[in-house]
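Take a look at the structures listed below.
Both of the next two complexes hold chain A, though its partner changes from chain B to chain C.
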Partner chain A sequence: MSGKYASDPTWASVEPIPLNDGSETGTLPLATIAYSDEYLEATSYLRAVMAANEMSDRALKLTDDVIAMNPAHYTVWHYRVKNLFALKKDLTEEFEWLNKMSLKYLKNYQIWHHRQVLMSSRENFPTLPPNELDFLMKMFKQDAKNYHVWTYRHWLVRHFRLWDEPREIQDVDLLLSQDVRNNSAWNHRFMLRFGPRSDEPDGGMPNSTAPPPEKGRLAVVDEDLVDAELEYAKAKVIKAPENRSPWGFARGVLRASGRPLSEWKDFAKKFVQDKVEDGKVVDVEVKSSHAVEWLADTYGEEGELATAEAVRMFTLLKEKYDPIRKNYWDYRIRMIAPATWSQEIPTSA
Partner chain B sequence: MSETQVHPAVPALFKELPIIQDALTTETTNLQEETVNKCLPFLKGIHSSQKGPFNQFGVPALNRDDHIAYLYDSLEDYPGSFVALDASRPWMVYWALAGLALLGEDISQFRERVITSFRPMQNPTGGFGGGHGQLSHCAPTYAAVLSLAMVGGEEAFQLIDRKAMWRWLGRLKQPDGGFRVSEGGEEDVRGAYCAMVLLSLLDLPLTLPPDAEARKHGFETFTSGLSDYLSRCQTFEGGISGNPGSEAHGAYAFCALACLCILGEPEATISSFWVGGCWPLIQSAINGTQPATAPKQTSTGNLYSREGLTRYILACCQGKHGGLRDKPGKHPDSYHTCYTLTGLSTTQYHHYHTDASASSRGDFSSAFSWKSLPVTSSDNQGSDLSVFDEKDRLAALHPLYVIPHQAAENMRIWIDVEYFRGGGQFTQETFSDHLPSR
Partner chain C sequence: MTEAVFQKERHIKYFLRCLKTFLPSLYTSNDSNRVLLAYFTVAGLDLLGELYNKTTSEERQGYVEWIYHCQVPSGGFRGFTGTDFGSERRTPENEAWDPANIPSTFFALVILLILGDDLSRVKRTECLQWLSKMQRENGSFGEVLGTEGKIEGGGDLRFCCFGAGTRYILRGKCGDGLEGIMDIDVDKLVAFIEACQAYDGGIGEGPFCESHSGHTYCAIGALTFLDRLSKNHKPIALLSPKTGPFESLVRWLVTRQTCELGDDEEESDEEDGHGVDEIGPLSATVEEPSLDTKVDQLPVVPPETEDSLRWAGFNGRCNKYADTCYSFWNTASLNMMNRLTLVDATRNRRYLLEKTQHIVGGFGKGVGEPPDLLHSYFGLVSLAFQGEPGLESVDPALCASQRAVRHLHSLPWWQETKR
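Our next item is the complex of A and B:
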C-alpha cells in the first residue's frame, strides 16, 4: 500500500494488519463494502495499534481520521477514550470537537456514550462544566426528543446530583412551553421531582422492588410539591386536553404519593360532559379520551356500584374515541365486568 | 394523486383522523399531521405508486418476489459510500436471512458464506465484533449467533467459541444486575436481552466466571439481580426504558420483556405496553402456560389491532421496488424489511408458550416451549380481523429469538447432544474447570 500512512515516517515502525474479511478462503463473504483505499489503510493501522495497545499522539490522530470517515465505528471511539485518559489530554478541546460532531450526526449512539465516559472523570470534571446544559439545549433545538441526549441528561443529573438545581426544571419548563406534547421533557420532569435519588434508589418508580402497597411509592411525600405538580399538570391539560403526557404524569404523581385517582375525578369530568334531558343521559360531549380513561379507572376503583359507569366509559373509548385499541378496551371491560361481557349486551350508550 | 376510488372495504377508522383534535398545534402535532397525511392515501389504497392488486379487504398484496430480490441483493457488495455500515455487517446478514426465512426462502444455501463472513469477526477473548479487529459487542454477537443458527449445521455451530463467550459475558455483567453492550460500552436493556439470548441458546453455564467483577458485588450467576434491574427500567407511564430513570421506549420494552420470558417469568412483572413485537409476549403472559397437546386458540384474544398493523404494513411500508420501510417518504432498508415482515408475521399467528420444551435440560427450558398456530380469515369474528390473503402468509418466527423455531431448537439440541456425548471441546466439563469451587 502506498497511502498516507505507509509514506509517513511517523508510522514507519508499525506493521499494518490488513483486513481479513474471509474472502481469502475462496468463499465470498456477505454484505461486503467496497471501502475506499484511505479507509482500508487507516483501519489496517488501527488494528495494528490496537493489537499492541499503543497509547500515543499518533494513535489519537488516527482515531480522528477513522471517525471522520465512519463515526458509527464503535471500536475506534472506545480506543480513543483510552488514549485520551492515558495521555492525560486536555478534554476541553475534545468537547469542542465533540460538540461539532454531535450537531452533525444527530442519531449516533457512540458520540453520547463517549461524552458520558469523558464527563464521568471526576479528575477532569469535579463539577458540571458551565456550558454543558447550554449545549444540550442547542441539541434540543435540533430535535427536542432526542433519546440519546435525554438519556445523557438523566445521567448528568444523577452524576452531579442536579435534581434540585433550578436550571433543570427551568429547561423543562422552557421546552414544555415550546411544545406541551414533548413527552421526553415530561419524563425528565417526573424524574427530577419523583425519580430515584442516590439515597433512595427506587423511590417513586412504579414496580420497584418493594412489596405492595409501598411499591412505587415515595418513602417521604412532600405534599406541597405534589399539589404544585398536579396544578402544573392541570394547567397543561387545559391547553391541549387530548395530549397524553400530562395525564400520564399526573397518574405517576398520584401513585408516587399514594393518593387515589379520584382526586382528579371532578377535573376529568370537565372534559366528559353528559347531556341530560328529562333526567336521562342522551349524549356525551368528550374533549379528551384520556379523561374518559381516567374516569373509567376511577369508577373501577370505586367498586361494584360504579362498574356500569366504568363500562360505559370503556365503551365510549372502544366505539368512538380510541377505536384502534378496541381489543384492549374490550379486555378491560372483561376484567372489570365479566358478567356484562358474557351477556353480550348492546354496547352503544 | 390518482382519481382511483377508495376501496369500499377500507373502514372509516383507517381513512379518517381521530375524532378529537386539540386546537393548539405544536411541533409534535405538525410532525404527526405530516406523517398521517403521507399515510392516508396509502391506507385508502389511492396513492399513485400503489399498483395493486387489492384484496377483498382493500389491502394491497405483499410484493413477495420484489422483497425476496431486495433481500438477496442486500447480501451482496455495497459501494464505498456505505462505509457507515462497516460495524453493522453482522446485522445486515441477520436482517436479510431472517427476512428471507419469513418469506419462505431456503437460507441454508448461505451456510458457507455465513461461516466465512463471521469467522474473522470472532475475538479469541470471546464474542463477535462488527468486523475484523473490532471490539466484541453484544449486538454483532447476537446477529452472528442467530445467523449461524439460521443457516444451521455442525460447522456453523462449532464456529462459536462458547467458553470464551461465557467468560466475555461475565465481564459485561454489572453490579446493578444489568449488562454492558461491550467492555467499556454503555449499559442498557439491549445488553441484558442479548446476554440472555446467548446464554440460553448456547446453553452456557449460568454461574458467573471466577474473574467476573460482578462477583465482588455478591452475584453468583448471570441472572442474579436481573429481574430487579429490569423492573427498575419500568417508568411511571407503565412502559420500559433503556436504563433505570430514562424514558419509556418500545424497542427497549421488547428487550426487557423477551429477557423476562427467557428467564421463565413472563407472568411476574408484566403490566401494560404499547409496541408490536411485545404483544405475543404480553398476551401469552396473560393467558398463562398452555398444554402443548391441546392449546386454547385464544383466551384473551388479541390486545392490539391486528387489522391495523396488517393494513399499515401492507399499504404504507412496501417500497415501490422491493424492500419495506418505516413509513411513506422513507427509503426501504434491510432493518425495516426484516422487522416490518416480522410484525406482519406476528399478525398471522397465535403465539403461546407450553408446558413442553424442546430442550430437556438446562435453566432456560421455558424459552424453548413456544409454539405458534396460523390465524386465518376464517377465524374472523367481531372486529379482530385477518385482512391478508393466504398467499401473503409468512413463516412464523420464535417470539424471543426472532429466528425460525426450528433453527433455535436445532442449535440448542445440538449443544445438548454434545453435552451428553461428553467429549469434544463444547462440553460442560470444559467450563467446569473454570468454575470456582463451592
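Our next item is the complex of A and C:
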C-alpha cells in the first residue's frame, strides 16, 4: 500500500494492521463492502494506534479522517474523547469541528452522543456556553424535527437546569410559529412545563413509575400554568384543526393535572356541529376529526347514558373521517358497547 | 385497478446479490454495522424461503465461521471485523477499542440460529456476565464497555431491547448451567422502559423524549423478551390489555398509519397551518367570542374518499411522512401486543408493493427511492406479518422465521425436562 499514511514521515514508525476479515481461517465474510483504498489504509493505521493505546496529535488527526468516511464507527469516537482529554485539548476547537460535522451528517447518533460526552465535562463547561443554543437553532433550520438534536437539547435542559430559562420556551414558540405541526417542539414544551425538576425521579410523564391512575399525574399542580397551556393549545388548534399535536398535548396536560377530558368538551363540540331539521339530526358538520375523537372519548368516560353518543362519534370516524383506522374504531366500539357490536356489526377479517 | 404484485423472484435476486457480491462503497458509513447488514441479508433470504436452496452447506458453514470470527475473546460479538487488531495484541489496556457490542451480539446470535448453528462455540457464560456489566444504575443498557469498565454509548431503548434479547437467547427457559452467573436487574429494566412512555401514549428514546416508533418497538421487544422468560413476574402494564399504558400505546401505534407519503408537493401545505404566523407573545387568555368566530370561519373537513386513501403506510412520529421501515416498527409492536388486526393491512400492502417496492428487487425508504438492506428486510417482514404468500412466518420479537425460533427452543438450555 502506498497511500497518504504510508508515504507520510509522521507515520513511518507505525506498522499498520490490515483488516482481518477471517478469509485466511476459512470464513466466508458476510456483508462485504467495496471499501476505498483510502478507508482501508486509514483504518489499518487506526487499529495500530488503538492496539498501542497511543494518545497523540497524529492519532487525533487520524480519527478525523476515519470519522469523515465512517461517522457511525462506534469506538473511534470513544478513542477520540480519550485523546482529547489525555492531550488536554482546547474543546472550543473541537466544537467548531463538531459543528461542521453535525451540519454535514444530519442523521447520526454518535455525533450527538459525542457532543453530550464533551459537554458533560463540568471542568470545561461549568455553565452553558453562550453559542450552544444558537447552534441548535441552526440545526433546526436544516431539520426542525431532528430527533438527535431534540434528545440532546432535552439532555442539555436537565444538565444545566434550563427549564425556566426564558430562551427555552421562546425557541419552542418560534419553532411552533414556523410549523405548528412540529411535534418535537410540542414534546419539548411539555417537558419544559411538566418535566420533573432536579433530582426527582425521571419519567416520560409525571409520576411515571406510579400505577394507574396516578401515573402521569403531577403531585403538585400549578392550576394557572395548566390553564395557560390549555389556552395555548386551543389557539394552536384553531390554526390547524387537523393537526394532532396540540390535541395530544392537551390530553397530556389534562392528565398531568388530574382533570377530565370533559373540560374540553365544549371546545371540541365547536368543531362537531349537528345539523338539525324538524328536531332530527340529519347531518354532522365536522371541522376537526380529532374533535370527534375527543368527544367519543369524553362520552365514553361519562358512562352508560352517553355510550350511544360515543358510538355515534366512533362510527363517524370509521365511516367518514378516518376509515383507515376502521378496525381500531370498531375495537373501541366493542370495548364500550359489546352489545351494539354483536347486534349490528358483522365481524370482519 | 389491478391488485399489487409481490415480486418475489426480484427480491430473491436482490438479497442474493447482497449476499454474494460486494455491497457498494456507499455502505462504508455503515461498516461498523456489518453484523446488522449480514443479519438483514441472511434473514431476508430465509424469509423468502431460499436460504437453504441458494446456498451450499459449505457456504453456510463459512458464514457461521465469520460470525464466530466476530466473537470477542471476553464474550459477546463485535459489530464488524474492523476493530479487531488481533488476539495476540489484545491487552486489558487496549481491549476497550475492540469491544463486544450489544446490538451486534444479539444479531450475531440470531444469524447463527437462522444458519442452524447450535451455539456451542458461543462463550455463553462470559457473554451473560458481560451483559450484566452493561446495565446502568437507572436500569438502562449501554452499547459497549469502555476504558476502566465504563458503560459507553447512549442510554436509549435500542440497547435495552437487544440486551434483553441476548439474555432471552442465552439464558433460556431453565437457565441451565448458569448457576452463580449474575443476571441483569429485570425490575429496574422494566421500570426504565415504562418511564419512557410519553404523554401521548407512544414511547421515546429516553424519559421525556418524543414518542418514536423505532424506540417503541425496542421497548415492547425488550418487555416481550423479559415476559417470555419470567415465571412469576408481576404483570407488565404495557403488555396488559385494558390498562391505561397499554390502550394509550395501541392508540398511538394505529395512529401512525398515514396516507401522507411525502411524494406530492401539495400534500405538505394542504392545510392552513403550515405557513409562518406572526411571531410575538401569545396572549394567555384568548377571548371567548373571538374563539367562536375563528372556529366559525374554519372550513369543513371533507370526508375521506377511496382515491385519497388508496395507499397508507406508517410514519414513526406524529406529523411525519410514511417510510417503509415504519411499516415494520409499528406493526411488529402491535403484533407483540396481539393487536395487529387493528391496522389496515390492505392499504399497507399497497403502499409497500406499489410505492416502495423497487423494480430491481428490495424496498426503498420512501416513494421512488433506491433499495437498501434495512428497508428491504423490514418491508418483507411487514408483509410477512400480514400473511403475504411466499414469505415464511416471522416471530416479531426475535424478528426471524419461526423455523429459527423452533431451532432456538431445541437448544439444551431451553429444555424443561430437568427437575
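Everything that follows uses one rule, which is that the second predicted complex is superposed on the first by the 334 of 349 C-alpha atoms of A that agree within 3 Å, B and C clash if a C-alpha of one lies under 4 Å from a C-alpha of the other, contacts with A are read in each partner's own complex, and residues count from 1 in each chain.
Definition applied: contacts are C-beta pairs under 8 Å (C-beta built on N, C-alpha and C of every residue); 3 or more make two chains touch, one makes a residue touch a chain.
Only a predicted model underlies this, so the values are computations on that prediction, with no experimental measurement involved.
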Chain C versus chain B on the shared chain A, clash or fit after superposition: clash
First, second, both or neither for A:A144, with chain B first and chain C second: first
Chain B versus chain C as contact partner of A:L28, first or second or both or neither: both
Touching partner for A:R197 - first (chain B), second (chain C), both, neither: neither
First, second, both or neither for A:K89, with chain B first and chain C second: neither
Chain B versus chain C as contact partner of A:N70, first or second or both or neither: both
First (chain B), second (chain C), both or neither touched by A:R58: neither
Chain B versus chain C as contact partner of A:R255, first or second or both or neither: both
Set of chain A residues, in rising order, touched by both chain B and chain C: 17, 19-22, 25, 27-36, 39, 43, 47, 50-51, 69-75, 78, 82, 109, 113, 147, 150-151, 154, 178-184, 187-188, 190-191, 194-195, 201-202, 204-205, 208-209, 239-243, 248-249, 251-252, 255-256, 286-289, 320-328, 331
Chain A to chain B touching residues, read off their complex: 17, 19-23, 25, 27-36, 39, 43, 46-47, 50-51, 69-75, 78, 81-82, 109, 113, 116-117, 144, 147, 150-151, 154-155, 158, 178-184, 187-188, 190-191, 194-196, 201-202, 204-209, 239-243, 248-249, 251-252, 255-256, 286-289, 320-328, 330-331
For the chain C and chain A complex, residues of the former touching the latter: 18-19, 22-25, 27-35, 37-38, 41-42, 59, 61-63, 65-69, 79, 81-86, 89, 93-94, 96-99, 101, 111, 138, 143-144, 146-147, 152-154, 191, 194-200, 203-212, 237, 243-245, 250-251, 254-255, 257-259, 271-274, 276-279, 281-282, 284-286, 291-292, 294-295, 298-301, 303-304, 309, 312, 317-320, 339, 341-344, 347
Touching residues (chain side chain B, partner chain A) in the complex: 13, 18-24, 26-29, 74-80, 82-89, 92-93, 96, 110, 112-117, 119-120, 129-135, 137, 182, 184-186, 228, 231-232, 234-238, 242-249, 269, 271, 300-305, 308, 383-384
Chain A - residues contacting chain C, complex: 17, 19-22, 25-36, 39, 43, 47-48, 50-53, 69-75, 78-79, 82, 109, 113, 145, 147, 150-151, 154, 173-174, 177-184, 187-188, 190-191, 194-195, 201-205, 208-209, 211-213, 215-216, 228, 231-232, 234-235, 238-245, 248-249, 251-253, 255-256, 270-271, 285-289, 320-328, 331
